[in-house]
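Two complexes, one shared chain (subunit A), two partners (subunit B, subunit C).
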Partner chain A sequence: MSTASTALAEPRSGVRPAPAGRRTRLRMRRRTPLWLLIPAAAVLLPLFVYPIYQLGLLSVLDFRQAQVSGGQPTRFVGLDNYLTLLRDGKFWSVLLATVGFAAACVAATLAVGAALAVLLTRVSRWPGYALSLAAMAAWAAPAITGSTVWMFLFDANLGLVNQVLGLDGHNWTYDRYSTFALVGAAVVWHSFPFVMVTLYAGIRAIPEQMLEAAALDGASHWRSFWQIVVPMIRPLLVIVVIQSIIWDFKVFTQIYVMTGGGGIAGQNLTLNVYAYQQAFAASEYGLGSAIGVVMMLILLVVTLLYLRALRRGGEPL
Partner chain B sequence: MTTGSWWRRAADLTATVVALVTVFPIYWMLLSALKPAGEMQSLSQRPWTLAPTLDHFRRVLGAEDFGRYLVNSLLVALAVVALSGLVAFLAAVALTRFRFRFRSTILVMFLVAQMVPIEALTIPLFFLIRDVGAVVPEVGLNTLGSLVLVHLAFSLPFAVWMLRGFVAAIPEELEEAAMLDGASRRTVLWRILFPLVAPGLAATSVFSFITAWNDFLFARTFIISATDNQTLPMALLVFFKPDENDWGGIMAASVLMTVPVLIFFILVQKRLVSGLGGAVKD
Partner chain C sequence: MNVRLAKALAAVLVAGLLVGGCAPATAPSSGGGDDKTTGTLRVWLFDEPNRAPKQRVIDEAVAEFTAAHREVTVDVQYLAVQTRSERFRGAFNDPASAPDVVEFGNTDLPEYVAAGGLADLGADVDGWAEGKDLGPDLRASATTDGKLYGVPWYLGVRALYYRTDVFAELGLTPPTSQEQLVAAARKIRAAKPDLFGLAVGGKYTFAALPFVWDAGGDIAATSGDRYTAAINSPQSRAGIKAYTDLIKPDNCPPQQCADLTGGKTVELFASGKAGMAILGNFNRTAVEAGAAKGKYAVVPLPGTTPGSIAPAFAGGNNLGIMKNTQRRTLAADFLKLLASKKYQQQMYDAMGNLPTLTSARTELAGKEPFLRPFLDTIAAGTRFVPLHPGWGKIDAQAVIPTMLEKIVTGQATVEQATDEAATAITAALAQ
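Then we have the complex of A and B:
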């Protein structure tokens, strides 16, 4: 989140005059400030880094209920868990569903968020204020309570939506795609505000004179939008897209809560929920970990793209 | 000019409609929590109620030990906020005020950490917490301590990343002047930097608070038998019954869980945006 907008502040930092010699000498403290970093390391190494290593380790073990309770010794099985996944039709269908679901959510979030960001630059004070506040509320609402209220709105009998549409008793969570659409709506509702706020800030940061000059030169609104505004916020756009991909690929709460842990016969599983269910519902801890590793690798690729985009956007690291 | 004002009016109308649609689920949550049970069961729900009642809230807070869960959630979230604020502040100072060898690498690591699918890490963490609990029972399975630990770890990377912007925005001249006046490094850190970063720390805290407050996955995974140590989100799921969902109860519980976060968010909204902007003006 923070990264998105640091790019905005970028032009500002160059303004200050170059520091004098004395100041640079004080500023460039080259010693490693270990005592400042030790607390963070003490938390992150055992609770973040080590579990990642453990996840990888578990994924090459035969680790099930018998091994958890100590009834049988843990066995190294190499890539067997991964081979099981490759041969498992369910895994491929879940992977496909995850990618499709994430792609749809990202596209919808961006379309809504970007359209509203542009809209915000055109409205009067109060409607703009109302929209920002409403978006803040949707953003702040915990994923779990957002899920419960969307479920209630779409409840078969008591839900407002069915009553208004006259679809009495229609269950939105029977069909695979309508379930995904419903969950997707709740996800987009929760995540478009970030896109809207970030892009709005980006558009506002464009110097007024630039647009005025374009207008004086006879450029239409339309033209200056596509030829000035869009190129100017391009780095931000890239960041917002990749952040959204990462978030939507990892959606857990909404799927888990709204579909009761993966939908009828697991038709609404995504990788994240699938990994969790394999481990804790089916006691296939090794297999669950292998799914986790696959997810991690996919996200790593996206992350590398993200880092490249940040560098291009001028994020100073 | 006339076309201009026509466009403006259309934009205003659209913005208002979108705002209403966006806020509607939250309005519906609040309204349903206040509706009497009879209206909740009705097959023609109305978007208002003439007889608001606190019945659902009373039932939720009384019958199901909800009050205890609320306190548990608060305890965990506040502990996480305090600890993660402190640790993140120190790390953020190190990463903005010093130039050392692996600085960029560490920064990139903090960024990459935000992409890790935390849900998948529940598997190794479950065993880690189980094993740790055999030695230190206070942070083993079924304890609030275990939840504090994992949320501390998962809120830290973002907190550091965000605080970095706030620390960087404070002119270094202030510290240098103090150092030249003979102040020790510790004095500079706690008497000068800390108070100046405090507003940023508040904004960062909101995110740490939300991370801990919203979580139901770790609560579900770690708190197996000790129902006394359950947190709010899990309690909320209790109201889902296989045959008939108690929507009044669910909505009342949802309101209780949403309102604190909503208030926090709105309070620090301005700071949040400036914090995200990486620039603090005041």
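Then we have the complex of A and C:
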């Protein structure tokens, strides 16, 4: 037994217990963290593990409306749902579009959010309030309302944007990329306030002296942003990046509302809308669950890779 | 103590996972069976954009019913159409909270039957004097596997709305053949570039289907009780080509029309942006509320043969009884009351819903000139989507709009797009 662990196990009273009793106590102490996890587990297991277990179970069953309401027996089909999915060319093109769309949205959200957070630290009081208020309003707007309003603005015949630009009759949702850009803008509009507020709080927490010292040493704003601010708010950046990836990968409302359920000939489908349309609206719960499992695995891999890359980068989380 | 508590907690959790987790939730199968003659009869009807007139008619029917059945109360709920499928699935999964009498869209019927939710009404309708007044077309639209699962309550059919002022100005006469229809559409667009000739859309399935049916095609063909897709037959392709050829710059440019839905077409015609549109008798109020008010008339949608009428889709709603009802007789009595000639006529007065009883329609035709083109369309024969639970899937997966839009935007030829749709349709109808 090393000195360190003896010291740790040493009771404060200083009375040395009998060796057998000490071992038991040591074991109990080592277990203590496990007991402390129980309240969290009691909440997390039913709320997360059980639904995920059900999702996994459904994905290996032939489970449609007739099975839910007991009209037909439930059948185990093994990996059939997954094979159907992987053999479906549409699934791959939708997956590719989703990844590209989410990546663009994450990059844009971060750029806009970070830029405005920095701006917020520079402007005086009232413009700062106005900016915060505008951002909060965008944040508070329900996705469905926001999307509908964006569609009013960009309506082909009666929209404000077309009237101002003199583009009467131009349909923004006709071309695939123009549609994705429009929906992406709405997604960014909805999600940048979270990034802005989080990063603003992070920047505010940086001691003034450090930035002052950098300025005295002759560092430009640009340089002190990249060499002082970014490293110091790195843990926050990790959180907003992961959050944004997860949100934007799972985007549903904006696509569903703004493109009328996937755009012309389904050219603007993302994975979540595709799962809903192909599976849940069509009562193919088994297939839908398989899509859900695939999405979950992709997000899990992305998150793990990102966390690993950050740890390698030196900064512990 | 702590340890024991934790162990107990863990055991409960594990047990919960094992017991609850073995199988996904499936509703208990109960046959209903009870036939109580007292208590509350629960009724689900669809909500409407302007529900007050409908509610007045229903309230009157409820008053008449409760006067005859003193120990019964009737609880009517109005469901939002958009969330109906969730509500119905909920009702099938939990019979205890399910209604007794329901209104439902006639295309939803096979799905509900496959889910085991609806009761067979054959005997009730056969023994009902007014039931004989239902036309065979209509009875067939609620019959699957030889059993009648719904009583058609009202009908909706589409016909051709056109702007009388535009037609007069350009010296056009109402088209009586498809050729004339297309010519008129192009002429309007050429003379008035801010108008669409005939507003048609890539997401407007029920405007495209009459072209397919008129050309002798169909969505699917039956042999015995098996369905195979027919959307890629030469006849169907001819019809689809005729429809998609209308979504061209000389009538309705793809840029604007590729993603038009039926609802958007109504808006365009009502706001005076289209010379013609394929709208239903149920769209009259919307058109009357717009700029087109007083400047339009309706004729049946013409077919390719001069003077013929393109078969319309027989849209409409049915009344049905839930299989698990505990008040089977009461439910049937209330259903027959709502579906009676008296209340069908009142529903027409209140909502413009076309009656399903032939005699009620004949009487209406005499006094309502607006209805003539719609009644003529019904008389010429209406068609229906495959009576199969797979139709719900074809609809949810937007198979037909995707096919039309691929053709219209040039992403696929008529042959490729129809073959692709046929594969999806056959797969959906095979289950």
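Going forward, the second predicted complex is superposed on the first by the 233 of 317 C-alpha atoms of A that agree within 3 Å, B and C clash if a C-alpha of one lies under 4 Å from a C-alpha of the other, contacts with A are read in each partner's own complex, and residues count from 1 in each chain.
The criterion applied here is as follows: a contact is a pair of C-beta atoms (placed from the backbone, for glycine too) under 8 Å apart; a residue touches a chain by one contact, two chains touch by 3 or more.
Nothing here was measured: the structure is a model prediction, and the numbers come from that model.
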item: Partner touching more residues of subunit A, whether subunit B or subunit C; value: B
item: Touched partner set for A:163, first subunit B, second subunit C, both or neither; value: first
item: First, second, both or neither for A:299, with subunit B first and subunit C second; value: first
item: Partner chain(s) touched by A:92 [first = subunit B, second = subunit C, both, neither]; value: neither
item: Touched partner set for A:54, first subunit B, second subunit C, both or neither; value: both
item: First, second, both or neither for A:177, with subunit B first and subunit C second; value: neither
item: Subunit B versus subunit C as contact partner of A:261, first or second or both or neither; value: second
item: First, second, both or neither for A:253, with subunit B first and subunit C second; value: first
item: Partner chain in contact with A:283 - subunit B first, subunit C second, else both or neither; value: second
item: Residues of subunit A contacting subunit B in one complex and subunit C in the other; value: 46, 50, 54, 57-58, 68, 157
item: For the subunit C and subunit A complex, residues of the former touching the latter; value: 2-3, 6, 9-10, 13, 16-17, 20-21, 23-29, 85, 89, 92-93, 111, 114-117, 202-203, 254-256, 258-259, 261, 273, 389, 392-393, 396-398, 401-402, 405-406, 409, 411, 428, 431
item: Residues of subunit A touching subunit C in the complex; value: 35, 38, 41-42, 45-46, 49-50, 53-54, 57-58, 61, 63-71, 74, 156-157, 169-171, 173-174, 260-266, 277-278, 281-284
item: For the subunit B and subunit A complex, residues of the former touching the latter; value: 7-8, 11-16, 18-20, 22-23, 25-26, 28-29, 32, 40-45, 47, 86-88, 90-91, 93-94, 97-102, 104, 106-108, 111-128, 149-150, 152-154, 156-158, 160-162, 164-165, 172-173, 176, 179, 210, 213-214, 216-217, 221, 233, 236-237, 245, 247, 250-251, 254-255, 257-258, 261-262, 264-266, 269, 273, 275-279
item: Interface residues, subunit A side, partner subunit B - complex; value: 1-6, 8-9, 12, 23, 26-33, 36-37, 39-40, 43-44, 46-48, 50-52, 54-55, 57-58, 68, 116, 119-120, 122-124, 127-128, 130-131, 133-146, 148-150, 152-153, 155, 157-158, 160, 163, 168, 189, 197-198, 201, 246, 250, 252-253, 256-257, 272-273, 275-276, 279-280, 285, 288-289, 291-293, 295-296, 299-300, 302-303, 306-307, 310, 317
